[in-house]
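Read through the structures below before going on.
The two complexes that follow have chain A in common; it is paired with chain B in the first and with chain C in the second.
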Partner chain A sequence: MTDHRTGGRDGFRRLVRAEWTKFRTVRGWVAGMAVAVTLVVALGLLSASGSHASCGMNGVETACTLTAGPGGEAVSDRFFFVHRRLDGDGSLTVRVNSMTGQIRLPDAVPGTRRVVAGVVPWAKAGIMVKDGVRQGASYAAVMVTARHGVRMQHDFTGDVAGTPGGVSPGSPRWLRLTRSGGTLTGYESVDGRRWTVVGTARPAALPATVEAGMFVASPGDLTVSRGDLGGASVQVRFTEATAVFDQVRVEGRAGGTWSHDDVGVAYEADGRTPHHPGRFAEAGGTFTITGVGDIAPSAEGTRIESTLTGLVAGLIAVIVVAVSFVTAEQRRGLIRTTFLAAPRRGRVVAAKALVVGAVAFAAGLAAAGVTVPVGAGILRANGNAVLPVSTLTELRVVAGAAMLTAAVAVLALACGVLLRRGAAAVTAVVGLVVVPHILATASVLPLGVAQWLLRLTPAAGFAAQQSVPEYAQVLGYYSPQGGYYPLPPLAGLAVLCGYAALAAVLAVVRTSRRDA
Partner chain B sequence: MHATIEVIGLRKRYGRTLALDGMSFTVLPGRVTGFVGPNGAGKSTTMRVILGLDTADEGSALIGGRPYRSLRAPLRQVGALLDAAALQPSRTARNHLLWLAHSQGLGARRVDEVIDQVGLGAVARRRAGGFSLGMRQRLGIAAALLGDPPVLMLDEPVNGLDPEGIVWIRGLLRALAAEGRAVLVSSHLMSEMQDMADHLVVAGRGRVVADTSVAGLIAAASDGRVTLRTTARPEAMEVLARAGARVAVQDRDTLTVFGLAAERIVALLGANDVPFSEVAAHRASLEEAYMELTRDAVEFRATAPGDETATS
Partner chain C sequence: MRRELHAEWTKTRTAPGTAWLLSAVVVLTAAASAAVAATVSCPETGCDQDVARLGLAGVQAGQAAVAVLAVLAVSGEYGTGMIATTFAAVPRRGRVLAAKAAVLTGLTLAAGTVAVLASVLAARLILPGNGFTAADGHPPPSLSDGPTLRAAAGTVLYLALIALLSLGAATVLRDSATAAGVVCGLLYVLPLVPLMIGDPGLRRLLWQAAPANAGLAIQTTTHLDDLPIGPWEGLGVAAAWAAAALLGAWLLLRIRDVRA
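This part shows the complex of A and B:
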């Protein structure tokens, strides 16, 4: 007779194999997982196929295009730029004397413009070196903002804060940008004599010859109003900012004369008249520049994870399978046979969790692995502007959906052990995972409540699929409805995994203590 | 491969009901031990405690000297059939045995062997949900045999079997015992134990009321009564009384004799020329002996409402 004492890792491996045999030999469970995959793929591709878009202005349709930054992400790159050529190392120094502007408010009388004087918090005025004037080109800049003090920014996503405070004729701000090889250093000063470093940056693709100069940008004004029946309506309206620069000094091999570009300006239907143009005037070394737009990452477009609309439906199928993987045994007393074969019951729960988790992970991986790339391709083919993300991010979205599915399956299994009744366990897990997510993203709850739901409940795990991050330097309505989760992807997943682990531990304790 | 089951002073209480009250016995290898007693006597609870499914409040149960929960590939040590209905209906019989085999590090070949052994070859790839009770019992026995264990424990295995199945299982269990295995078979019907068990453990009210061989149990219940049929009643009574027997009159030509063996009665009557037509020693049936033993337990239960929660 063979050794009965072969336990330990070997015994657990046998147990996992036995549980896998159990799983694959019940057609309903295998079919349930297949249904989950099919739901995710079919709903995702169907909604992608049904989503058509075209862009344009004043009745002229054009394809929706996105500007991509050096990092590949979508950016908005619109500003007024007064610049000249700079070869190799050098520096640019200016004094910013004032910053004023105007903001269009929501119409009080429909159709009548209501414009007031003022600047929006992220209105920017400063100096920049950029790889030409092409939208999306690499750059580094140091600037003053209306409400966020001095900043050093580069390549759209890089942002370092300097000292706070705005500028006014009584308290101007000196700015300096120095190039040394691939490194740019931003300085600020209140008097042009004592300088402090704001930050350094190494832009991704700055050539030897760059355009260096002054810029002004002013992002649209954002207002969010809550609808009567829940939800929020977000308005972004025209603003412009005007800054006065003097004491302009270029050191190094500067070429040409000052030229100006309204980078990224859109044109009216005639194709010649600029829409909301910027302006520029120079008198005796004093430059007055008016700019519209923003230099920042953009989230205007369709996200790749929008193809995962079927994930919730797929998860419900996974929950039903995972719950019945254990409650079916409990209901028929088959769990006793299992405990006869494996008297260390904690290991039974662990083996079941491992098997159902692995199967769910594979199902989630297959479903998202097909739906995200294929769905995004369909969306692009239908003219939608799909926000570009790195391959790594796309893989993370797919793997995140798979991890989410696996963790929900483990949670469901553990709840099945604890509640013993299939219907009760399915209801509990749907109530813990799916319902908070639907409530938080269906815009029926106030923003704060929705965000707390997605921090505290297992639905936090849905954060794993967010492909576009929230940027502190961009004012936006970052709501769950818009696809912004309050926790980062891994943290959200960790919350869900914490719930699953807690439930699994309770299930182990419960089965070990109770008579079978 | 020899192993015993030792049950030592098990006590278990469910709420206010004492299910096990000092249950103690030993199941030896090489014979079939019948575990009998009325419903509620504690048979199934004892078996579940032996198998580590339930924990006893006191006492211990050991298999080959070790508690069940410490066995690493337990189905290779103990084969058990508790509830033949405990199946996933949509799983085939073969796949049911396959996951059990995998859990013990056994392969599909062993599965096919036990399927043939219990005669389920033709239906092995059919869903177990469609099985009759008899087929389920055979599947449960196949599961018990899977690990070729030295110890077998079967709870009411005869339930639902047709007469042919009963004969089959009787032969199977006797053959398994003859191979040197310890076989424990429970039943609430003593009649099932006839021709199957070599040894009997009779349970009542959570403890053992008798732990004896089948022959011994019958002898103990047979109280030495001899029925004598004779036309010479007075002569017979005189002869037998002189020899020290107690004699009772049943009817005109029938006497019941206490205190003398049948052989001695025949010799005495012959020596004294008393004619008789029949001398019959009373031999209790197994059923009668069992009824005698468990009467207390049954009566007690009948007068104690709320005792139903104790499972048999």
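This part shows the complex of A and C:
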């Protein structure tokens, strides 16, 4: 303890220790952080325990279940499949001649079905090899879509685009899927002679013997209407697509005859009559197949981050503590003593930011680390279908909440230095971080405005808690209210950290120049 | 009482932040109202928007400045120790609180009136361009219309009640940062809590009890029957919050030492 330098690494370390001692010995600040953690946990568990769900199955209420794909994510897997067994390597070639369908529109007269001819953009018709006909089983497929051209897809999340354009009797499309060991290659051709590769895929768990054949699927049509008191209601309506295949050729050790399955069809209350069934007919090597549903990742369910609704309340407590950590010292005049002891004032601000940021990180980590797993458990116990995510994603959601808390604390501290008045600083930071997030996720703002708020304001940092990504191959209403942020998790966090860093630099500069 | 009022008025008038914060009330409210008016649109097929509520939506932003103004009016004095001098000069502390409340209410009503008039003007100028026209059954807000006048005047009263609520909370809590945090929580986070509740009865009750939800029911001019609480009853809830905060402040001023 003979070294009295204020510069150098030792000096800064001592400053940090001094600030840490100040923080932990003020009862109000420690209590404030405890209040923050309690708010996050209590509100999160309250909202989880208030959320009940049950799904009717043939008149019997059961817990809602999800179909999981090979990667563990929730998927929808419903289509009409005309298939036969294929042992080992081989290939399947077809020509898709047309794609038509029908779409149910919103009722003009309540109760009267209004159905028009047409196909939805992601209606699919093509060929597939799949590990049996179980929902969620591994697969690879090459297909034509109504509006998104030829695609090669596998295991629900993999999607590669081929050439654009749809099919019609005047311009058919040839498709070929070739298996070689674990690798599937998709080809397309306009004439059946010149083939181009669409893409290759290595499905996760394809056994030696697979089912190979033709399929048709047609996702529901989506309409979004704005609610009066906020929010939007999303309606998904029945559609079906019909495709005509011919020139069907299977090479390799194909077994059995063509059989068909309406994969994933739901049944009416009697348990026997299929609801919106698909169908198929074969005449002279021409297959006409009608399918309903989609083969894609699904976001129908509750997300784990929905348990973090209390985070906005907890953040306010953190903001109050972080602002007080500097304004209380200014007000009491202790700051003059501090600056006397450490004349390089910028370093004092840096040390304070480090301490408050670290404490807030720990508080956020503890709060989210308890709330997310326990809340998700409560949600599942209440019958909710919680969208499964990998452990890594769950850790990222928890760590993201902690990072968010830490960055907001640093921003609040810097605003406290800049504005000097506790009330003004607290309100300013709440107005910058909490209010934009609330406006974007729980108000009447139009989608575009809500998304820009979450790109430009520090509230962008909330993106760190999004657990389910947006999929380009699924038409959905990707709104902040539904839990979709316009920026990816790390980019959103970077925007918030940018604001925090800018404010911290300004605070350091300001402290160095201003009288205490 | 005139002496106390004069003293509080002098303090408020000469405090460096007052003019800024009053301008902030006007600018934030009008700018946010204009921004909302600019972003909503009424398609040809018709819409179900409450034009008065849209035009006054900026109060969500302006109320934050009102809260800061009110909190600083009292915790500023606690922060500097000036409060001891004030109570030495006026030993009847209830009178100090009453004088502070009166000055604050007057300032908030004045700034709130300007803010609301500016918001209505902005809405009148902007909304017709976005499809809200009298021909479609959505005339832009006009103060000659009874319900719209009630919404506008009620919004000014709401701001005054928020000021009194914040004043009471700041007197109880004494620390300016904590008071601002608590008021922000009441205004912005408490309205979210009903969304987290599964039970419909409890959800409705909590909605009715939150000062920002219930108080701003005064802005509603369409679908009044769908609201969990009537416009004036809602403003009454906000008034009850303000009264409770002031009562708590008065009691604590009487029994508590000047400084903790």
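Going forward, the second predicted complex is superposed on the first by the 503 of 516 C-alpha atoms of A that agree within 3 Å, B and C clash if a C-alpha of one lies under 4 Å from a C-alpha of the other, contacts with A are read in each partner's own complex, and residues count from 1 in each chain.
Keep in mind that, in the parts below, a residue touches a chain if its C-beta (ideal position, glycine included) is under 8 Å from a C-beta of that chain, and two chains touch if they have at least 3 such contacts.
Keep in mind it's a predicted model, so treat the numbers as computed, not measured.
**Q** What does the overlay on chain A give for chain B and chain C, a clash or a fit?
**A** Aligned on chain A, chain B and chain C fit with no clash.
**Q** With chain A as the corner point, what is the angle to chain B and chain C based on their C-alpha centres after superposing, as a multiple of 10 degrees?
**A** 50
**Q** With both structures superposed, pick whichever of chain B and chain C touches the larger number of chain A residues.
**A** Here the partner covering more residues of chain A is C.
**Q** With both complexes superposed on chain A, which partner does A:26 reach: first (chain B), second (chain C), both or neither?
**A** A:26: touches chain B, not chain C.
**Q** In the superposed arrangement, does A:334 touch chain B (first), chain C (second), both or neither?
**A** first
**Q** Of the partners chain B and chain C, which touch A:43 in the superposed model: first, second, both, neither?
**A** second
**Q** Touch check for A:270: first (chain B), second (chain C), both, or neither?
**A** Touch status of A:270: no partner.
**Q** Looking at A:14, would you say it contacts chain B, chain C, both, or neither? Reply first, second, both or neither.
**A** Touch partner of A:14: chain B, not chain C.
**Q** Compute the least Cα distance separating chain B from chain C in the superposition and give it as a whole number of Å.
**A** Shortest inter-chain C-alpha distance (chain B to chain C): 8 Å.
**Q** For chain A, which residues belong to both interfaces, chain B and chain C?
**A** 28, 328
**Q** Quick one: in the complex, what on chain A touches chain C?
**A** Contact set of chain A toward chain C: 28, 32, 43, 46-47, 49-52, 226, 228-229, 309-310, 312-313, 316-317, 319-320, 323-324, 327-328, 331, 416, 421-427, 430-431, 434-435, 438-439, 442, 444-446, 448-449.
**Q** Inside the complex, what are the residues of chain A that reach chain B?
**A** Counting only chain A, the residues touching chain B are 1-2, 4-7, 10-11, 14-15, 17-19, 21-22, 25-28, 328-329, 332-334, 336-344, 515-516.
**Q** Within their complex, state which residues of chain B touch chain A.
**A** The touching residues are 1, 48, 51-55, 68-78, 80, 82-83, 85-92, 95-96, 98-100, 102-105, 143, 148, 150.
**Q** Residues of chain C touching chain A in their complex?
**A** Touch list, chain C to chain A: 17, 35-36, 39-41, 47-50, 57, 60-61, 64-65, 67-68, 71-72, 75-76, 79-80, 170, 175-181, 184-185, 188-189, 192-193, 195-199, 223, 226.
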